[in-house]
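We just call them A, B, C and D in the order they show up, numbering each chain from 1.
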Amino acid sequence: MSRARILDTVDEAVSGIEDGSTVLVGGFGMAGMPFDLIDGLIRQGAKDLTIVSNNAGNGEVGLAALLKAGRVRKVICSFPRQSDSYVFDELYRAGKVELEVVPQGSLAERLRAAGAGIGAFFCPTAVGTPLAEGKETRTIDGRDYVLEYPIKGDVALISAHRADGMGNLVYRKTARNFGPVMATAATTTVVQVGELVPTGDLDPEAVVTPSVYVDRIVRVEARHYTVQGAR
Amino acid sequence: MALTPDELAAVVARDIPAGSYVNLGIGQPTKVADHLPEGSGVVLHTENGMLNMGPAAQGDHIDPDLTNAGKVPVTELPGASYFHHADSFAMMRGGHLDVCVLGAFQVSATGDLANWHTGAPDAIPAVGGAMDLAIGAKQTFVMMRLFDKQGRAKLVPECTYPLTGVGCVSRVYTDVAVFDVGPRGVFVRETFGIGLDELGTRLDMPLTELPADDDRRSRGRRRTGPESVVA
Amino acid sequence: MSRARILDTVDEAVSGIEDGSTVLVGGFGMAGMPFDLIDGLIRQGAKDLTIVSNNAGNGEVGLAALLKAGRVRKVICSFPRQSDSYVFDELYRAGKVELEVVPQGSLAERLRAAGAGIGAFFCPTAVGTPLAEGKETRTIDGRDYVLEYPIKGDVALISAHRADGMGNLVYRKTARNFGPVMATAATTTVVQVGELVPTGDLDPEAVVTPSVYVDRIVRVEARHYTVQGAR
Amino acid sequence: MALTPDELAAVVARDIPAGSYVNLGIGQPTKVADHLPEGSGVVLHTENGMLNMGPAAQGDHIDPDLTNAGKVPVTELPGASYFHHADSFAMMRGGHLDVCVLGAFQVSATGDLANWHTGAPDAIPAVGGAMDLAIGAKQTFVMMRLFDKQGRAKLVPECTYPLTGVGCVSRVYTDVAVFDVGPRGVFVRETFGIGLDELGTRLDMPLTELPADDDRRSRGRRRTGPESVVA
């Protein structure tokens, strides 16, 4: 929304996030998870957060660490239950965190709608299932749909492969996942990148997230994890 | 003789037309990839943002930024492409994939699918992409054992578990028989070591055997994609 | 939808287009206009067509030539009136062609919706204007929206810069425009490209239209025109 | 003295905050680009799919694949990016651009815009991106002469021409005065060679002069973007 600022530290990048914020967190399992920004958010101290992400953390890093620190009031995600999601599982069973389960594609499309100025959309996913209960439905051209609303974030925390000086982003392989849509759906988009290149060095045809969607950038050393067990 | 999981995967692979775009669900369906004939030209979609996914990555080829929907490290084949989550599920939801193969807890005679939740009160709900996949492809195949450990049929007149999708399954591959399901009822395509009479007794529903020359033997209910290569 | 076929001639590429079809035609003015495919369509002879495109032709080439040949029953576009759109202007004033004017962004989003399996969407564009007359409206979160429906094509004719052997596409600069969304919105997508490269030669991170959306490809010699005067 | 079109463009350029993302409409607004100060960091969006558009292309630099919304060949600046039409209008509709500058036939006291159709019965309707642009940016500026050739005011209590958007304009730059418009009425920001009394007489509406220290002098109604660089 504004000219992207390149910051020296993760702590500057996550400064000002307020208690009660809705925070969109990129990543699919570990791939594309903005580990450094989440660690920064834990240090920063914002609490009572609503987290929108595909999963609800693995092991004790990333989102799991944020959950463990007690900062999260509610999780909106498609798949909280994984082989190593014990931090979330315990909090949920203890009634210490709320959960809204959204089909993965509807989650992505609701984020896109928020970024694209769409007020709501009729979606065929989840029709006739418990996840459509209480939602408006309509038959259009013989097919049934449920009405889905945008999910907007106050802040998006995402991870990208490379940024230029203006804030244009490219990603790497399936670590792209939710980053590009979340960048469009938040008031302030914060990006950790593995590499900063001079403006003009990215191929304009291959930019995935145009600079207009990026507010803050910080370069970090790569940290990678893999996980197995669930979608 | 009832089929082993690998034999069943081979039967499913045999029925996937050459050149199809296919999504293989987590678990059993993943095995289908191992049985696709050389040069079949089948292109695998993984909903976390990739077309033309290759086999699981081994050793030095493991790249944390390149995983399948089960978060397992995979590889990239020539002609692959990456896209973000909203684009990936638009591809699925928009009906552009030819076949999706999923596991199931239950399938109903009319093609309802239950594969995301057993309804157990203490289970943490988690849907992932299951609902999007169930209703997205031109044809949804299910792969499952026909009877559970207690001997209860998983092909049922009506699902008792919470639904994933309504009327979305066109074909059910099991260890003892292959069925077409849908609004016209249940048709038995082939059996493995079990007679039609015994099947009829153990399944609480009317069954019709498909005549050998029936065009439903080679074409699915919603097929509009490439021609089948099976006779 | 099926494995892309690379054809030797434009005439093969446009074969089988039926009278009364809805044809999506890429391009913004002259940039990205599939001139060769349109010429092929004129030779092919399909008539009574509904054309969906941003403009309604320039001079006497491309869409203007198709209009002049009397093959078009209706044009759905955002901006028919240009400094050199005299062919359309005359047909329209003579009552020989119908016109549906759609705001440019709503046109793009309705095409995207068709490709993404969205049944309808609430759009803020055109609220309170003559183009919203007769459309359903709704206030969501204090903002007014009109309900817009998908625009599906039987055929899309688009122009891309480069294709690989599987049908993956990249475009060039602002000639990209409507190509990628139209490719998703048609039953059969036909692409003219300036260059064919071996599968594996396109960067998977930079593919704009993944192969699943492409049905037919034909290589043509570049023809370029520029136009001035209107959007 | 009333301003010349170039002088007016300079006044608009002065009010565009450094680092803004801006869409300049076809015609008069295009001139604003020529008056943006060196190093302003203003990034131009063209709705046919590009950010960081450069000046019009000359001679050998003309590329038919690279045009602006008026189909005029333009150039690319370092840090540019290309995207398809649905993404481009999502960027606009989603409120990601800071300022859009448009021409107008009429603007109402409450910010309604009429700039696409004179309502003449023989006119061919053509809206292009006007309705999307009108309602999309954080602030919509209008640039126009205050009076038409017959001396009739174009800033009016209520538009008589068909609307482009409702309550979407926040500021009106004219050759004789600059106005803030909106739900609270019409405020005069500055005048060029005309007294407030004469303005009041010629415009059929109540006018309020903005006090010099009013924060509306530097901030628009919907501004949430970068800080203004004007005092």
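The rule is simple: a residue touches a chain if its C-beta (ideal position, glycine included) is under 8 Å from a C-beta of that chain, and two chains touch if they have at least 3 such contacts.
Just so it is clear, the structure is predicted and the values come from calculations on it, not from any experiment.
Touch-path distance (fewest steps) from chain B to chain C is 1. Simply put, of A-D and C-D, more C-beta pairs touch at C-D. Mean C-alpha position of chain A lies 34 Å from that of chain D. Chain A and chain B, compared by their mean Cα positions, are separated by 29 Å.
Chain B and chain D, compared by their mean Cα positions, are separated by 54 Å.
Contact with two or more other chains is made by residues 76, 82-83, 90, 92-93, 136 of chain D.
Looking at chain C, residues 109, 112, 116-118, 123-124, 171-173, 204-205, 208 sit in touch with two or more other chains. All chain pairs that count as touching, in label order, are A-B, A-C, A-D, B-C, C-D. Those residues of chain B that touch chain C in the shared complex are 18-19, 21, 41, 43, 45, 51-52, 76, 78-83, 90-98, 136, 138, 224-226.
Here chain C touches chain A in the complex through residues 109, 113, 116-124, 138, 140-141, 143, 145, 149, 170-173, 203-206, 208, going by the rule given at the top. On the chain D side of its complex with chain C, the touching residues are 26, 46-50, 62-67, 69-73, 76, 82-86, 88-90, 92-93, 112, 117, 122, 124-132, 135-136, 162-166. By the touch rule above, chain A contacts chain B in their complex via residues 28-32, 54, 78-82, 88-89, 92-93, 99, 101-109, 111-112, 123-131, 144, 161, 171-181, 208, 224-231.
Interface residues of chain C, counted against chain B in their complex, comprise 1-3, 112, 114-118, 164-166, 168, 184, 187, 199-200, 202, 204-205, 207, 210-213.
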